[in-house]
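After this come two complexes, each holding subunit A, first together with subunit B and then together with subunit C.
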Partner chain A sequence: MTSFFDVLLGGVFHASVLFLVAAGLQLVFGVQRIVNLACGSFYALGAFFGITAVNWSIGHGAPQWAFLPVLVLAGIVLAAIGPFIELLLRSVYKRDEAFQLLLTFALVLMFQDVLRFFWGANPQQLGNLSMSYGKVAIGAVSFPTYNVLVMAASLAIAVGLGVFLSRTRYGRILRATAENREMAEALGADVRWIYASVFTLGTMLGTVGGALVVPTAAASLDMPVELVVEAFAVVVIGGLGSMRGALVGALIVGLTRAAAISFYAELEVLAIYVIVIAVLVARPAGLFGKPVE
Partner chain B sequence: MTIQRRKILQGLGSAGAAVAAQGLLGVPAFAQSKPLRIGIIAPKAGVVGTIGECGLRGTQFAVDRINAGGGIAGRKVELVVEEETNPKDSIERLRKLVLQDKVDCVQGIVSSGVSLAMGAVAEEMKALLIFWDGTTQDGVRETMQNPRYVFRSTDNECEAVMASLLAIKHWKGKFATYAGINPDYSYGRNNFAAFEALLKKFGVEAKKVAEQWPKVGTLDLTSHVAALKAAKPDLIFSSLLFADLPIFMKTAHGAGLMDGKTRFAFPGAGFQHTLLKKEFTPEGMIFGHNTLYFALDNASPLQRYFVQDYEAKYKDYPHWEADRAYFAMHIYRAGVERAQKAKNAWPGQEDVINAMEGLKVESLGGPAEMRKDHIAEQTFYQGITTHKNRYDFPTLTDVTRMYSDQLQKPTGMDFWKWIETANIKL
Partner chain C sequence: MSTAPGRPEPGTQGRASLLAFVAVAIVVLAAFPHVAAPYYVTLVLPAFAYAIALLGFNLLFGTTGLLSFGHALFVAIGAYGAAVLSSRLGVKSLELILVASSVAAAVAALPVALLSVRYVRIFFGILTLAFGMLFHSFLFKFYDLTGGDTGIRVLRPTILGMDFKELDKTAFLVGPFYYACLLLAVVLGVVMWRIVHSPFGLHLAAIRENPIKAEYLGVRVRRFRLLAFLISAFYCAIGGVILAINTGQADPELAYWTHSGELVFMTVLGGFASFFGPVVGAFTFIFLKSELMGLTQYWRFCLGATLAVIVIVFPRGLMGLAKDAWRTVAKR
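Let's turn to the complex of A and B:
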């Protein structure tokens, strides 16, 4: 039973980070109909910027325990790049999807060099800060408190996003714009503003995700591509554009990976993509996606 | 002094056509006062970026000393540095160094994936090439039995053999189960297989309960650690050695994998020694520092001077890649000077190659030589981690020193057969 909980917690932790990146991808696609390959770059930017912010804050006398709020704040501040990138995307909103993919892929490559320019090419880490919050131990199951906080933060963001999109006036406007942009515009919705704010929110999910994960891992130039591949598996399983799909898809991918690693480590990637193929064959729109009419 | 791509650093004048035509073509130089040009190909980015950086610093240290002492047989050394990336692009850079920059010798390469492909190209081009850390092995099988122009480093499996021997020596009879977490490419696979082969050779009856093969660069090892914890091994053998090693150590510590009776052996830990902080890296583990242990008690004056210089310049402590790079430069220097002395004239490339075969030098980490089959022999260091030091990371106690002729297969022999039949002492 102890082993089961260890594996379960490992899978849920991975799913928590995946969810944040996939949620950003889903939000942007759901409203703006753009498949944003650069979501992995925002994740990497958040990780590198998070390290800089924490080192700066500790260097200026901030207590060590404050690194978690500093990381969240760093992710939020960094999302300020969102509106500028959205300006770039305006040129391809009405163009073929291939142009949109090319533009966002170009952004991935450009951000690689931005990371290299500001932070160098070597992986960077935050020492042992993640352990400064101690461990949660229930019986023989032991898990770093920081990882539990990341899972809780991810869950809170999922719930918050759900409430925002379904219960608030602005959320309803967003959903209306996602359903029918022209009609929303005709009814007075400021679509330009909506697109900018949605893209910024999507960016923020990625940057906060990257900042939160870095104390337990490392920031490296390989991050954007590594994570975006898994994020797309989440999106395919959950359904493109669905927030519920992002949550369920992330859990499926995270838990499948953890189980595969435990039972037969060589099948780590294969197990995930067997599910992806099964979903594509049986339910092409994904578990929560809308079928194309 | 900083090394910059495509920039010659230690020059005393431009290299003329005579120097360019010398070296690789084996044509005697007309102007032997011109600098020797040495091309370096080393990684600068990604998970091996820090490894390349340390190697470049070792090269720079060697060149500074050589030039301060009057150069190699009276000729100063200039470096032309290129980046090691994938095999295809790295080979293009080798061609560029040889054909365009007209270097006299090329050194470098950390990845065996690159060196395996590059070795054959260098032979075809007749370009003198000395690898820092790359081999020409396909798995553990040597692909170049009789190279003429390529000189390679010790077998990658040396550190695994040594860590296995130490694990058996210290812990035989104290573990009934074992597990592995090793990088999923030939290095990790061969190292773990070597560990298992040595357990068998020394009659250790232990049961394998888990094996994990994360890709190089995996940044979330939570599930891998959970799987290891679930298997409850008495001993974990891991040849993780890049940025993933500190992540593994932190994750394992956080998950309580290090709280119990599990013992650990990390043959390649020295690559990341300064990042493995005491807070999450316990005492009592076997750590391999390969061919340079920076805090060796009875280190040579050369090593002590190098470590002090490195610390002063870079606020850091060197690992073995600096030694590999230093060795490559010095075996070349010794080869040129030996050939020049024998010929009493500036030697051609063929003379230098002949002179390097069987040559012994003092490297940063200790005695070293180049075998006649162009494979290096060097001195290896491993020991048990301790926190009793002035650093924020563990160093070694009970340090074992072994020459690689006890750790790698002899010329032409199959690695697995060698493990079975060799008279290896614990």
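Let's turn to the complex of A and C:
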């Protein structure tokens, strides 16, 4: 029973971080039609920068409990790189998808060395800081409070994004642009601003996700390329461009991974990709995606 | 894209100068081991490997218009084929290894292709990436079968039954093996040229330009895409065999998605709209990478920046640049 809850909670925790990155990927794909391979790089950047920010704040006398807000803040601040990268991507919006994909691959290569330049080649950790929030116990099962907080934060962001996209004026314009760029532009939507802001928002979801995971896992240079593999699985299972898909996909991938690791570790990534291929064969557009042309 | 592969090349004069270029390139490559330091000669081996792999890859990408982000899968099958045959099953003949590994790759490509060619554009790319990662995690995790992250050693093969025992490792690689690879590259290059310029190749180009119209005119779009996929897997596996024999090792990184990305990188660097683009891209990439690695530990950044410049400013790649230069010179 205990192990069942461990798998469940571990899986949901992983899913909540994956959801953030996948949501950023979906947002950017939904509006700009670009599959951003560099989403994993933003995630890793968030993780490394988060460590630096927390160490800096503790060094400057911030109380230890403040590390969670510091991490979130670090992630948000980092999103400032978003507009500059969007500027670079702007040159390929009208090109073939192959070029868009390749340009984000170029970003992956460059970020790999940006991380190496600032933080070195060795993995970095925040120590056992996540335990400083104590544990939540439900019956015989106990679970770090920090992980519960991250799950709650991720859920709040999911709900917030949903409300934002469906209820606000900006959200409506954004969805209209995703639906039909020319028409939205003809009706007076400022598409340049929308693209820049959406990409920045997507970047922020990635960097915050990376910052939040770092108290529980080491930040390493393998992070960006490894995360892309899982984030891709999430969006393909859920359906490219769909937010609901990102949520459900993240849960499926997170739980599958947790279950595979605890029962048969060899199957970790294999199991995820068997699901991906099964979904693509049965429902080409993913669980919540629009039909492929 | 004025001269995409699959279209008749301009005039007989253009063809003659092209032939002259290729002949000179082959002569230079044949003389290379006698004039250059062994280090540079061993660099040409992976360049041969990638040139062959990319000739196949570009039949799918440049000619048919399908971008795969998982073709490292077939390079890895070639490499592991060489590893398993040479160090587990005791098969030493290079010819047998080449045939067995590439046929194995084509067979493995069949189910992958059957599923993937139902899609185009970005979905095709993602699905092929998924298959690549599936194979990578199999190689990486099933230690007993595949040697896990260290992979499997590849033993020195015999060429046409000769084992060259008197040569040490480098002498073997830059000697008989080099010429075997050169011969392979030339033969497979000629075969690919015939494929691209055959009616079959023209069908593929028609599919790239307008799949709906092609289908309307009676082209069996999916079947042709499938065939192009299988041929590309075959070529990639031959590249994989050469890579593995050169390094003496087959490891899971060969199947990783970033390696697939590098394949696309090289193709675009050389110019995917030109028949020889991938070959130029392979040689340029290998030498550029080795020079950058010698210069700085931040070579990935430089490669990434190069790729970004190519994508944004020179989407037709080096061959596109060369063609423009050639045209300006010819006009004068």
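Convention: the second predicted complex is superposed on the first by the 292 of 293 C-alpha atoms of A that agree within 3 Å, B and C clash if a C-alpha of one lies under 4 Å from a C-alpha of the other, contacts with A are read in each partner's own complex, and residues count from 1 in each chain.
Quick note on the criterion: a residue touches a chain if its C-beta (ideal position, glycine included) is under 8 Å from a C-beta of that chain, and two chains touch if they have at least 3 such contacts.
Everything numeric here is computed off the predicted structure, so don't read it as measured data.
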Superposed partners subunit B and subunit C on subunit A - clash or fit: fit
Touched partner set for A:Ile173, first subunit B, second subunit C, both or neither: neither
Which of subunit B and subunit C A:Leu240 touches, first, second, both or neither: second
First, second, both or neither for A:Arg257, with subunit B first and subunit C second: first
First (subunit B), second (subunit C), both or neither touched by A:Leu103: second
First, second, both or neither for A:Ala218, with subunit B first and subunit C second: first
Subunit B versus subunit C as contact partner of A:Ala62, first or second or both or neither: neither
Touched partner set for A:Val136, first subunit B, second subunit C, both or neither: neither
Subunit B versus subunit C as contact partner of A:Val77, first or second or both or neither: neither
Contacts of A:Leu149 with subunit B and subunit C, given as first, second, both or neither: neither
Shortest CA-CA distance in Å separating subunit B from subunit C in the superposed model: 5
Residues of subunit A that lie at the interface with subunit B and also at the interface with subunit C: 116, 265-266
Complex contacts: residues of subunit A adjacent to subunit C: 35, 37, 88, 91-92, 95, 97-99, 101-103, 105-114, 116-117, 225, 228-229, 232-233, 236, 240, 265-270, 273-274, 276-277, 280-281, 284, 292
In the complex, subunit A residues that touch subunit B: 2-3, 6-7, 9-11, 13-14, 17, 116, 120-123, 125, 127-128, 130-131, 135, 137, 140, 142-144, 146-147, 213, 216-218, 220-223, 226, 257-258, 261-262, 265-266
Contact footprint of subunit A on subunit C as seen in their complex: 61, 67, 69, 115, 118-119, 121-123, 125-127, 129-131, 133-134, 136-138, 140-142, 256-258, 261, 264-265, 268, 297-301, 303-305, 307-308, 311-312, 315
Parts of subunit B lying in touch with subunit A, wherever the complex brings them together: 44-47, 49-50, 53, 211-213, 217, 219-220, 222-227, 229-230, 243, 246-247, 250-251, 253-256, 259, 275, 277, 279-280
